[in-house]
Amino acid sequence: MDTYTFLGPEGTFTEMALLKVPGAAEAVRVPSVNAAAALAKVRSGECDAAMLPIENSVEGGVSATLDAIASGQALRIIREVIVPVSFVLAAQPGVDLGSVVRVGTHPHAWAQTRIWADRNIPNAEYIPVTSTGAAAHALVSGAPDYQAAICARPVAERLGLAILAENIEDNSGAVTRFVLVARPGALPEATGADKTTVAIPLPEDRPGALMEILDQFATRGVNLSRIESRPTGQFLGHYFFSIDADGHIAEARMAEALRALHRISPQIRFMGSYPRADAQVPEIPAHTTDRVFDQAQRWFDGLLAE
Amino acid sequence: MDTYTFLGPEGTFTEMALLKVPGAAEAVRVPSVNAAAALAKVRSGECDAAMLPIENSVEGGVSATLDAIASGQALRIIREVIVPVSFVLAAQPGVDLGSVVRVGTHPHAWAQTRIWADRNIPNAEYIPVTSTGAAAHALVSGAPDYQAAICARPVAERLGLAILAENIEDNSGAVTRFVLVARPGALPEATGADKTTVAIPLPEDRPGALMEILDQFATRGVNLSRIESRPTGQFLGHYFFSIDADGHIAEARMAEALRALHRISPQIRFMGSYPRADAQVPEIPAHTTDRVFDQAQRWFDGLLAE
Amino acid sequence: MDTYTFLGPEGTFTEMALLKVPGAAEAVRVPSVNAAAALAKVRSGECDAAMLPIENSVEGGVSATLDAIASGQALRIIREVIVPVSFVLAAQPGVDLGSVVRVGTHPHAWAQTRIWADRNIPNAEYIPVTSTGAAAHALVSGAPDYQAAICARPVAERLGLAILAENIEDNSGAVTRFVLVARPGALPEATGADKTTVAIPLPEDRPGALMEILDQFATRGVNLSRIESRPTGQFLGHYFFSIDADGHIAEARMAEALRALHRISPQIRFMGSYPRADAQVPEIPAHTTDRVFDQAQRWFDGLLAE
Amino acid sequence: MDTYTFLGPEGTFTEMALLKVPGAAEAVRVPSVNAAAALAKVRSGECDAAMLPIENSVEGGVSATLDAIASGQALRIIREVIVPVSFVLAAQPGVDLGSVVRVGTHPHAWAQTRIWADRNIPNAEYIPVTSTGAAAHALVSGAPDYQAAICARPVAERLGLAILAENIEDNSGAVTRFVLVARPGALPEATGADKTTVAIPLPEDRPGALMEILDQFATRGVNLSRIESRPTGQFLGHYFFSIDADGHIAEARMAEALRALHRISPQIRFMGSYPRADAQVPEIPAHTTDRVFDQAQRWFDGLLAE
């Protein structure tokens, strides 16, 4: 692939996620102002793929990302990336901590550094900026009304900013999940540690409809790692389910589950099978391996061939 | 088919069931002393099929019949027959009710005519015989120590016996179910109103093992019309399930359920798909018809072909 | 208790089961001709309890026993007894094996000794008798047209018969289960290894109705050791479920499951909580012990008391 | 109640939601910068209740709100409010549409008015502001570098701004859900159209753990209107479920479900039972009404009292 887009501007955690993709460092990287704009670039063919945050993001767009992928022309998630969430306080060289009276950053980053800020710059005023990357860039190329920015370390380093403090996040160990989205046609091969993402409109709002859908996975030994009911937007009370399931569409148990879901809810959207970022191999119940599926099929064919 | 066996002797309800099979009236009909003997004749090729009682029988062998079919060399149920359970009191012409002091019949038939007997022949002594048919035959060809037999009307008529009383059963409307069993190779075509019978060893004795098995049917919209846990005989506490499910192995939802059961319990025995005696068409959930299975398969194939 | 009845005549396996009940050897023991007659004696107060076979019996009445308990005036199972199924060939002293040309026994006992009989008395003719006990008694007090009886060893010994062969059953290790039935009022205390028996009419014949009932047990961690769909007799296609569940009505998880079943099927019949014959303590899921039920109740009460 | 806080500043949709609460218009209303700050004011007693967005918000804080309520000292949702999402373009009187070259608003509001903006002010530059309310206020009390703000109509009217365009949102009919959060002690009475919100840590990451939790609701006829798996933040792969269920803790079926969930996952957080904003009465399965629970309890008590 040659051209990527990402939730910009440059220097966001999302760009950091993109740079983990082999070849992306050398490729063209086009920032987008939001998930919808990024996906539009992919759908139109202007970009080959888009990197977008889907969980725990410090820069917004999270819950809407999967909705945007699920709506409109079909797209596929082809990769998952995890990035640790860690912040630095950066400023132009020569600025020291004592002279910081206003700090620019994204609201979520500000919220996630309250403990450090209350202790170390308790009187600093907060200036909201649209992203942590933009906050850092403005220190170099603009004339912002703040002296320091809270951002990711790589951005500060690339811009030649001084690091006044590091690891200032309240929760060390937090991570953000991102996905790389492309047009259909590039289904990643099964690795044994994969995820499959689907959006499934709920056929009816009744006790049991949700269970009936989830049961299609459970009956076939497919574990779920994420489930979210989302309003369809048509009117309140109508829902679809956004689900990450352990496994790959090329595996028999997942294939059978997907076909069953299509029968129950024909508007189901398949959004991709792709390697898990943590490469953790799921435990597959012994009676749902591909080999056992093959054995059952041969037994069954034998019955019909009598 | 040319040669049938049945739970004899001649004149049992089981033979009445057999005579309902087209062509059986003109075919060779060999009585067997019990289900095991009948099935042995089919397995050896001596007979082409065996008619045996499986529910509510007045002549025993009931719960053991399905066990016997499920054990040993594979057999197939190819037909189900229902026969009303109705009794007459029969005797040699010239014998009247007042002279009946001993009555011969099978213990179950005696048990099912207690009300009539207590009112009409309260002092009659009961002489157990191995079948209602044998009780009637002995009146003609033997020298039994009873004057009248409780049996089915056709037997009495065929033997030229006089009917002293009819419809003497306690529960009018009762029926008995029978099955016709053959060697594999003659799978009846799907009629839209079919049953499939299976025996499924329970893989483990734990909360949920039974549910896991039944869920394979429920998830795919397959209703069950009979379920019975049966000890395997190996040792107490180990069980298999004997199940009648609505539908035919040629239907997609049943086919998928059977393959799933084979994965969970590879020792599953398929015992046949055959028309229901009552020809009642089951209600199939809209999302589990063959047409919807085809649509889901095409959708799925399209995903892989991208 | 002073007066017991059992599926007679004297010398049946059922009487052997009854003699395992503490005090029964010294009590009055009245044989009954079938399960219905035995239960009638209990319902009328003529007897205090009835011992009846419910599984694998060699002497019939099995599937009907639980139906008979479930119908009519309420009764309770208060004890379960297991008896090994083992046969001897018995005759009057002085009769040797070579002179046995006809053998009397119950049909089920004959069926279960085919292997030994084919090898050792291949030409012997079979004379059906209504019970193994009756076959043995006739050798002493009657003039039967057979020289030897297949029966249980204790009967032969009590009657002073000679044992021509022992352990002649085809399947060594087979057992029969029996239950002791009384009028309500004597609920046995929980031992930690108990069974609860219920009969549950199926509210509707649809996919899911059976699952809904079984789910009430599974959701609360209650394992089932026996399940049987039985026609209600009203008309074909209407069913009730006869179920043995692990646990006692005094245990919270069983109590909650029973109440839930009553909500779904108000005609449910509670047929007793009683110690398992094998005294095997069931594995209870950690989150369904009485202690955990108490903790949950206290938590819940705390919420309401805020 | 006398003192409320809300996700500020004044003029947000969240304040509009708060003003729908009877008495809130006359009460003290304290804006908070984010959900955590608002909840801290309630926990400390500084405020009596906080109004916060939980779905589809144009002003952020959404997915984090329920996490914040579930963490730390117990709080209760006591009311749900729905507000239509509709925007106006507002400016100082005298400014006309042609002179608008820069527009200030919250990023989500900008994203939701793209269609109107592309058609009517295609060349206008976007200036991000921390809330739609703040964007409007700055037009009056500050010196912003934009000529018009996208905000809610009530804010524009209160501030005396001119409305240059109205109903400019892309999706008419969209709504946002808000909740009013207080300290425990004021459980709203059941109305028959209620919701119960809980957070349930997943006890184990295995196929079936999710189903086991959801089954506790389904088995008892409790429908779910929202379900979301959320990372606990401890480390990736550990989850809790955030769930809205139809019904009130004072209803028997909900009470039994909550106790069952406490047994499975003792760290469950009860976050309140409160009236649904849409007042829609849920359909309750006939066998799970309070009346049927009472009947089952009486039947059960009768069994124990024998």
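Order of writing sets the chain letters: A, B, C and D. Residues in each chain are counted from 1.
We adopt the following convention: a residue touches a chain if its C-beta (ideal position, glycine included) is under 8 Å from a C-beta of that chain, and two chains touch if they have at least 3 such contacts.
These numbers come from a predicted model, not from an experiment.
Student: Report the chain pair from C-D, A-D or B-C that duplicates the A-B interface, where duplication means over half of the contact pairs agree by residue number.
Tutor: Matching more than half of the contact pairs of A-B: C-D.
Student: So the centre of each chain is just the mean of its C-alpha atoms; given that, what is the distance between chain A and chain C in Å?
Tutor: Distance between chain centres: 60 Å.
Student: Chain B to chain C: how many Å between their CA centres?
Tutor: Centres of chain B and chain C (C-alpha means) sit 23 Å apart.
Student: Hey, what residues on chain D touch two or more of the other chains?
Tutor: Answer for chain D, listing residues that touch two or more other chains: 215.
Student: Determine the shape of the graph in which chains are vertices and touching pairs are edges (line, ring, star, complete, other).
Tutor: Shape of the chain contacts: a ring, since each chain touches exactly two and the loop closes.
Student: Please list each pair of chains that are touching.
Tutor: Pairs flagged as touching, ordered by label: A-B, A-D, B-C, C-D.
Student: Could you pull out which chain A residues touch chain D in their complex?
Tutor: 34, 36, 55-56, 60, 62-63, 82, 107-108, 111, 114, 128-130, 171, 173-175, 205-208, 210-211, 214-215, 217-218, 221-229, 231, 233, 235-237, 239, 278, 280, 283, 285
Student: Please give the residue numbers of chain D that touch chain C in the complex, ascending.
Tutor: Touch residues, chain D against chain C: 184-185, 187, 215-216, 219-220, 249-250, 255-256, 258-260, 262-264, 266, 270, 287-288, 292-293, 295-297, 299-300, 303-304, 306.
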